[in-house]
Structures are given as C-alpha cells and as structure tokens.
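Two complexes follow with subunit A in common, the first pairing it with subunit B and the second with subunit C.
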Partner chain A sequence: MTAPLSKSIVIWVMVGLVLLTLSAPTVVVLGASFTSGNIIVFPPNGFSLQWYGKIASDVGLRGAFMRSLTVAAICTVIAIPVGTLAGIALAKYAIKFERSLQVYLLLPFTIPLIGSGIGLMLLFGQMGILGQIWPIGIACCVINLPFMIWAVTASAANLDPDLELAAANCGAPPIATFFHVTLPAVMPGVISGSLLMFILALNEFLVSLLLTDARTVTLPVQIYNSIRSIITPDLAAISVVFIACAAIIIALLDRLVGLDIFLKSK
Partner chain B sequence: MRSYRTAYPFRWRVMDTLEMLARVLWPNRFSGAVPYLMLAPAVLLVLLLVIGMAQIADSSLHVLDRSTFLPSADFTLANYQTALRQPLYWMIIWRSLLGAAVVTLLSLIFAFPYAYLMVRTPSALLRKFLLIALFLPFFIGQVVRAYGWLIILGNQGVMNEMLGWVGIEPQRLLFNYPAVLFGLVQYMLPFAVLMLAPAITAIPEEIESAASSLGANWWRTFTHVILPMSKPGLVGAGLVVLTLSLTDFAMPAVLGGGSQDFIANAIYDQFFRTSDQGMGAALTLFLVGIGSLVVGVIFTVFGAGTLAMGRGKK
Partner chain C sequence: MTGMTKSDGKQKAAVAVSVQNVNMTFDGFHAVDSASFDLDQGRFLTILGPSGSGKTTLLRMIAGFQKPSSGEIFINGAPVSAAPPHKRSVGMVFQKLALFPHMTAAENVAFPLKMRRFDATTIPERVQRYLDLVQLGSYADRRIHQLSGGQQQRVAIARALVFEPDLLLLDEPLAALDRKLREEMQLEFRRIQRELGVTTINVTHDQREALVVSDEVVVMDKGRIQQMASPTATYRTPANAFVAGFIGVTNFLNGTVKSTAGQEVIFAAGEREFIGHWSAAAGAPTVSANVVGALRAEQVRMATSADELGQCRTVLSAAVTDAIFEGERTAYEVTVGMDGNIIRVFDHDPAAHKQFGIGEAVFIGWNPQDVMIYPN
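== the complex of A and B ==
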C-alpha cells in the first residue's frame, strides 16, 4: 500500500521545515568558523583556519574545555554504578512504595533546573566546597540521573530472571551472577545512558553558571559570557569543538548500541 | 606451585574473596534488603536536591526574619505577597506561561510528522539520517545553538542578507518574543520527537491499513486512529516540553537580550544582580509551585500514569 500523495507532501514539507530548523545553527556555526574576516558576515569572505589556531593557543579556553571534560567524566563515573544499580533494582524487584520512589527519583526532572542549581549552590556554599570542580560533576550527575536510570530500565526487558536462577543452579555465587548474567543483559542501556550523561554534562550550562566562578568556569559558561559582549568568529570555532564532541558521541552510540534503540516502544 | 597458579588464576581468587566478603557482610537472610541497598546511592544523590530545596525555603525565611523580627510563620506569606504584588513579576509569569504553551503546541505539531516518518519509513538509511539530524543539535547544547541563531538572525545576519536579495529592508529579528519562542521550539523539537517516537512505534501499522481499507482517508485515519493511540507519547512529550520551556534560562537570556525575561531569568537576577536572596528564593519556590501545578492539571485532564513514559515499567 502506497501513501496518498497529499499525505506524503504534508509530511515531507513539515519534516523539511524541522530539518532546516534543526540543522541551521550547526551549519551556520560551522561555516562562520572558517571565515577569514574579523567579523561574521554572510556570505563568508574567504576561507581560513586562523580562528582554530587562535582558540588552540588560548590558554583560558583550553582550561575551560579541560574543566568541562573533567566535569563530564566525574558525572559519568558516578552515574554508571548509581544509575545501573538503581535501574536494575527498579526493573527486577517488587519494591515497597515503588510509585513514590519513582516520583522521588524523577525529582531532578520535575524541579526546574534553576531551582536545582540554586539549591545546590546554597548547599555547596554552606559545605564550603563551592569553587571546586568535582561538586559541579556531582550536580550534573544529580540533575541528569533520571536519564541513566531510564536507559537501564528500558533495556531491562532482556533481563530474564530464569537466567539468573540457571546461573545459580550451575553453582555461580551472587556476585559472579551479577557480573556475568545480570550486567551483560542491561549493557546496551548502561552504554547509551553513560554516553548521554557524558554529553549532557559536557553541555550543561545553567547549573554550571550558578556553581562556577571566574576560576572554575566551564566552556559553555565561557561561551555564554563572551556572547554577551561581542560576536566574533573565534566563538564559532569553539562551538565547532562541541559539534565535534556531539558527532563523536553519536558515532559511538550508533556503533555500540545502534541509534534505533531510542525508537523502541516499551 | 606453578601448576597451582594456572589451576587457580588470580581473577578467580579475587572473585572468591569478594564472594566470601559478601557472604560475611551480607548473609542470605538479608537478601530481602538487596534492592533497597541497590537503590540507596541514587536516593542519596537525589537527597542533595531535596536538601537544596529546603535550603531555598530556609533562605527565603531568613532574610525576612532579619528585616522585621517577627515569627517566621507570617513572613513566608508576606514574602510571597511582596513578590506577587509587583506587576513586573506577573508580566514575567504570564510571558513564561504563554510562551511555554505556544512552544509546546508548536513543538508537538512539528515533532509529530518527523517522529512518524522516522518510525514508519521502510528505508533504514533515511531513518538513520533523521536520527542523526535529531541527535546532533540535541547533543550540541543550548548555548551553542543560541549562538548559531544570533549569527542567522542578527542585523547583518544570514536571514537579513537573504531578505536583502529579494529587496526587503533589514528587519530587527532578534531580541523579541517571537525570537525567544522560535529558539525554544528548536531546542525542544528533539525532546518532543524522542518522547513521541516510542509511542508511535507501539501503534501497529496494520491498524492504519485497516482504517484505510474501511474507507477512511489518511487525514481521518490520522485524527481518529493515530492521534488517539499516540496519546501517551503526546502527553509525555507535552509535559517535558512544557516544563522545560517554562523554566528555561538560556534562550530568553541570549535571544531575548534581557528584554524578554522568563521566570528563571528573574530568579537569576534576584540572586546575582539585586542580591536579594529571600526574594529570589521565594520566586524559585513559586516557580516550582507553578510547574507542579501545571503537571498536576495535565495529569487530571489527560490522565495519570503517563509519567511512566520516562521509565521502563510501571
């Protein structure tokens, strides 16, 4: 059965508009980063890599990027065990007060980011750890934790309790069962969840804005601060770093678990 | 001795030690507590947020206590009254709510055909292309995307240049309400599509064929079959988009240029420009309240249980 022409036209026109809107900023930022002029004009005048040279030699930017990487790494390292254990527990066991627990674990989604950020800012301030890098990583982990738990529970359909019983029957003790049977079953969820956590923390802006100061500024905050003063092509070149990171994560996602995992119905 | 080593490798020894430790520390009769033990780290992490919210509540009371020296119970009310008596805040709240509603509607309308095509297309290549086109902006972050729009919509930007080619005077496209809403829609589209796609996957294709073989044209199939059946996805996507755009900071700040503040921007200004922690904290709790209210209303109108969208099982 082929779709009627009018349906195809409507769908394709709307999808075309969405595609245009989705990709326009990426394309324009890419284009602007290669300009040889000092300001961003359209069409760009000339091709050069001068802005990439400029950002590569900028110590402040390199520091901000390294800090962003550190934050993302801390966030992911914490999220993997915490989210995986919680996800398996939610998917495998009948838990008392499960509904309330789910609502509680969804709090990072339901509390607005500005609220979470300011709350953590006050809390960290009182603990005297504001102005360090690792609290930002923890904060990013907290606010995005539902993504990790969701990813693990989504792949928990592969979790067959009979397999664990079979392992036990063959003499495997609990920890060996966990590492050889339970964990491999949810591995796709763990991988997609941790990649998601990494890239979200790398891009995290508002909470970082609230938790950083001049010495601990992360790259998205740095870009935001520079946007407000003046628009120069070096910002476009920095932005391309983010585009490259996003592309790497997408390639990894596709290689390791397949992007189709996000289309599955639960 | 050498044969002992190969017969009993290091890894086995580590595992056996671990198993033994586990047996000593956590005997079998505790096994009922295992799931709670597994959940404990996550619960503790989220507890940070709860303590943070308590800190915000405390902070709002604290400032008022110092200024009036009266029992704190009255101050909470006074604090919110002061905040709500200012017409400026009402305007900002109205702007945020209206904006969030418009953005949600537009995002759902445009995300739906995208998700539908992505799920239904027989071509694996097209599906992958659509997925990549979706994930790339999703993974790039709000600030970079807002920066891209600054380049496109600026006074000497791409858009005005192209308008110039067809003889239209340069327009002021930035720093107004539509620009903020447009930026928000672009930011929300990936969220909406990703929430909608699983719901559409769950609709069997045969049902559409059945509808059309019974004589329904595609529009009637869409309105009577596909749309009602994808309700869980629509509610889930709507909720996510509504709450995220209601509380957004970056788009109003960058594309609104300070003239189109949403609630989050007002809160930020209270903390970092005016340094009135109490007022900022009150506004924050107020935003949390509005958000919960909106979510609650959607739940009662469209039915609960769809929050489980974000979670594998009920």
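== the complex of A and C ==
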C-alpha cells in the first residue's frame, strides 16, 4: 500500500503493455470488420455492418461454419466419456504403468501437429473414410484429449477418497456411487474440459487442412483458402464471429464452473 | 433394528459384533495382529490407541472397506468377510465426515434410504425425523458448506443412522473439532446412542473421550489388542505397562523383583527398594524378574515434612523442579534424591492444599496399592 510512487507507475505501465499486447489482435480485427470500405484496414474507414451481412448470406461460409460446429460437437461428445474416465482413473487409482500411460496420453502434445495430421491422413485414407466430417471430429479429439484429461484429473485429485467409501457405506453399489457421487464431484473439471475441447475443435486448423477436401472444408480452412486469393474485410468479420464463439464459451465456463462454489464444500 | 434375544431365559444380550482372530498384513507388516473381541447388542465400544496402532484398519475391516488377511468378522452372527460394504447394515461417521458436497443436508440423509430401496413415500418423513433427532430439523435445505462444523457432524450422524443399521461406526469424527465442541459432541453421541440403542464402535486416540463415552474400551498398540474392559477397569487396573502409560499420567519405576508376599512385590530400582502390588490382569512376577512399577500422578501425596505423610508406606524426599497451575489442578514435577528420577504429581485440590514453588524441598509418598507391577 505504501509502495513508492515510481514503483506503482512501473507496475501499471507493465500491466498496461501486457493488456495492450494481448488484446491488440482482437481490437484490430474487431475494428477492421466494421469498415465501410472495400479493403481491410485499421483503423477502419467509416462504420458499417455490410461485411457481416455479406458473410451471413455467403452459403459457402455458412456451410463451413456448420461443419466446424459439427466437428466440435463430435469431438466433445467423444472426449467427455473418454477423458472423464481416463482422468478419474489416472487421479484416483494406482494403475500399472501409470507413468508410461500418462506419457502416452500426453504424446499428442509432443508431436508437431503437422506430424499427427499426416499420420491421421494416411490412416483415414487407408480406411477409406477421408472426405467425411466425423473423422475430423475424432482427429480433433485425439490431438486435444490431454486438455480434457488434465481438467478432469485436477478435479479428481481434490476428491476425498472417503466420499466413495461413504457412498458404499450408504448402500450404493459401485455404479450408483460413480453416478451419484464421483461424477458430480468432478463435474467442474468435466465442464471446463469439454468446453475447452469444443472451442479447440472449432478453431482447429492444421490437422483439418490435411483431412478436409472441397466438400468437407471447415471454417478455419475456408478462411485460409480465402486469404490465398484476396483479403477482404469479410475475413475480419468471420474472425469476430470466432472470437464471439470463444467469448460465449468462456462466459459459459464462468457461469457453470462458478457453480464450483456450490459443488465444493469448503 | 434386527435385535436378537437368546432364548436361554437369562435376559442375556446377544453378541452384535464378533471379531475372531482377525489379521491384516501389508507387505509383511502386521497392521492388525490376531484381534479378537465380542461386543454385545446396544453397547458402546471405543477402540483407543496411538496413531499406527491398527485401530482404524480394524474399523475399516468391520465396515468392509478392507478385507482381513485372515480371521472372520461376524455381525449379528453372520460372517461378513465376503460381503462388500454396500451390502452390510453398517452406518459410519467418517473422520473427515465425507458428506456429499453437491447435496443438501436432507439429500445427504436421504441418500442411504434411496440406495437401500426404502419405500419412497416414507423417505421424507424419516429424513425429517432423523434431522430432528440431531437437532437440525430446520436446516434440511442447507447445503453442506452452509453449515458449521458442528452441524456438519450432526448431518453425518443422521446419515449414518437413518437406515437403522445393525452397527454404527465412528472413525474419529471429533478429532478436528475444538475442545469445547468436541466435548459437547461426545455427550451428543452418547445421548443419541442411548436413545436409539444402536451398537456402536468408536475409534479414537483421545483417552478422555474413550473414558467419557464408552461402555467398554479396547486399547490397541502395534496392531494388538492390549486390553478390553470397562472405562473404570481400564483406568484402575491396566493390563500392562502400555495401557498404564497410555491412559492417564503415569510414573514408571524400573527395577528387579526382590521378593513377593501375597499381592505385594518388593522390587529394587537403583539404590532404593519400593513396594508395589500385582494385579490379576498382569499376573504375579517371579523373583529377580525385571519389572516396571506404574504409579499414577494423582496417587502421589506431597507435603513439607515426612510426618504429614504418615499414612504412606513409601516416603521420599524430593525437590520441586516444575509447578504448573492448571486451574482445577496443579501439575508438579519433582526430582527424587540423587538418582535424578523425575516424578510427576497432580494436586487435584489446589485451593485447599499448600502450593509449592520451584526449588522447594518436599516429601512425596504413596502406598503399595498405588504401584502396579508389570513385567518389563
């Protein structure tokens, strides 16, 4: 409280710089999307919503957006049971080869995405399932699963092991114990993990680039394709839609895992 | 309660829990070593021991969380080793309570009824009855984190009792409470246990709690049961030196037996000879055996002159090395003669007796019946 003025000035300048750096891309893209001109510039030329109108009426973009949502949904639906069970198992039970298993599950992090992308492309190609949407969802799930597992493990590690014994003592068989006691206790982790999985899959670019074709192109890949021709302000508008999606999910996270307080006893 | 009465006409209570030669070994370490005891219907038993004595392991085996390496546990006459915990009619209050944090107080209490498939229409009434029993009737809809420590204790008790188990287990649930609340809850456990008549096994390392709440006390050390007796008998006639030292504040005199006469034993400790007595629980020592004499701090009398201790058969001169006034008593430490043995002395009526200061020369005395002789 009684820090010298010079010290607090330095701290505030640093905080300001960090905030500016972190938010600069968002601010620029947000500004550029409202331009009334035909080229993407910041600060924008005038104000209009014309580019939002344009992307809303673009069938190709809408299709790509819907496909991205589908991919994200498939990824999340698979990640919830797989990641939850794996996370609880890793946190709670003394498993044989636990270390190796952990390293194995974190492998997708250590391999460059382009490597996993090529691997999955070869695999899916051989299985003859390239050109469909669902394999992209599975691919996103595979490469991002560690996030889900981490989120659940963090919740499960705080779990009092006596809680499950108490449930058994109350007469609950193991499956009822899982659904009535274990699952609600790790719910904050499951919620944050699955929202994270959703947004990561929605934004996923590199692996999707390798796995998609003209019929299955997802939104990030579609944007990339447009950049290669002409850069128009509609790209900024799409980016803002992306940012809005992320913001909604973060707001959801805050709302739901704010429930955290209710789910924890202390 | 599935009460059983033996038809031998003598009004003898049925055995509710029988632990028979139970062992628990972890990697060659005997956590519980040949434990055996019987507990009658409706009794309140406390297993007392230091941490690592195996008391919690024994309790967890009775609850079904751990399986004995050998031996068998019977509840109401039926062996239970093969039954998983959720198939046993045993309620338990956990050390850290283990209440379900995402449920309200009433939902916590209703949980065992739902899991044990009680008639759904009777559940709300029964939950309310048990919340009333623990004086939480108006807190039904509170979440666990909205309740105080003492209230959480009460929810845990209601949850453990609501399905009317054959047996109630208490795993040191009071250890974390402050002293005043702990003593209040001890009496509360006692009241509820008497009111419902449920057979109860309590685990604690708190000797006072064991004496206050129990009908019977089992003292455990190093995985073995050292003694099972009533609180009074446990305190007055400890079975061995461990029990004598673990309960109460006890002075130990190490020595060798010189001679025995009836119950009395004369033994030499250092330069001196003392007289003690042996009890049936410990058995008579043989001449020249190494023994230890156990002397309670409150049995030692203290005075300025030897004459005032005329009724004591053993009188020693000593010097006060510490005097702590604790309100209801004064705790002294005195050093005896040149061997430098420290003897602890309690004066339980400081207001009526002369108080001594550090460095004062005093005489201390006691009688043979105050010194209990155990093999060393």
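Going forward, the second predicted complex is superposed on the first by the 238 of 266 C-alpha atoms of A that agree within 3 Å, B and C clash if a C-alpha of one lies under 4 Å from a C-alpha of the other, contacts with A are read in each partner's own complex, and residues count from 1 in each chain.
Please note the rule applied: a contact is a pair of C-beta atoms (placed from the backbone, for glycine too) under 8 Å apart; a residue touches a chain by one contact, two chains touch by 3 or more.
Being a predicted model, the structure only gives us computed values, none of them experimental.
> What is the contact status of A:Val59 with respect to subunit B (first) and subunit C (second): first, second, both, or neither?
neither
> Check whether A:Pro25 is in contact with subunit B, with subunit C, with both or with neither, and answer first, second, both or neither.
first
> Touching A:Asp160 in the superposition: subunit B (first), subunit C (second), both, neither?
second
> Can A:Ala91 be said to touch subunit B (first), subunit C (second), both, or neither?
Only subunit B is touched by A:Ala91; subunit C is not.
> Check whether A:Ala176 is in contact with subunit B, with subunit C, with both or with neither, and answer first, second, both or neither.
both
> If you count the residues of subunit A that each partner touches, which comes out higher, subunit B or subunit C?
In the superposed model, B touches more residues of subunit A.
> For A:Ala246, decide between first (touching subunit B), second (touching subunit C), both and neither.
first
> Now for A:Met127: first (subunit B), second (subunit C), both, or neither, which partner does it touch?
neither
> Both subunit B and subunit C touch subunit A; at which residues?
On subunit A, the overlap between the subunit B and subunit C contacts is residues 173, 176, 262-266.
> Considering the complex alone, what residue numbers of subunit A touch subunit C?
Residues 160, 162-163, 165-173, 176-177, 180-181, 184-185, 187, 261-266 of subunit A touch subunit C in their complex.
> If you look only at subunit A, which of its residues touch subunit B in the complex?
Answer in residue numbers: 1, 3-4, 6-7, 10-12, 14-15, 17-19, 21-26, 28-29, 32, 40-43, 78, 81-83, 85-86, 88-93, 95, 101-116, 118-123, 126, 138-139, 141-143, 145-146, 149-150, 153-154, 156-157, 173-176, 199, 202-206, 209-210, 220, 223-224, 227, 231, 235-236, 239, 242-243, 245-247, 249-250, 253-254, 259-260, 262-266.
> So in the complex, the part of subunit B that touches subunit A is made up of which residues?
15, 18-19, 22-23, 34-36, 38-39, 41-43, 45-46, 48-53, 55-56, 59, 110-111, 113-114, 116-119, 127-128, 130-152, 154, 156-158, 161, 185-186, 189-190, 194, 197-199, 201-202, 209, 212, 217-219, 240, 243, 246-247, 249-250, 253-254, 263-264, 267-268, 271, 280-281, 284-285, 287-288, 291-292, 295, 307-308, 310-313
> Mind pulling up the subunit C residues that touch subunit A in the complex?
On the subunit C side, the touching residues are 63-65, 84-87, 90-92, 94-96, 98-102, 111-112, 115-116, 143-145, 159-160, 163.
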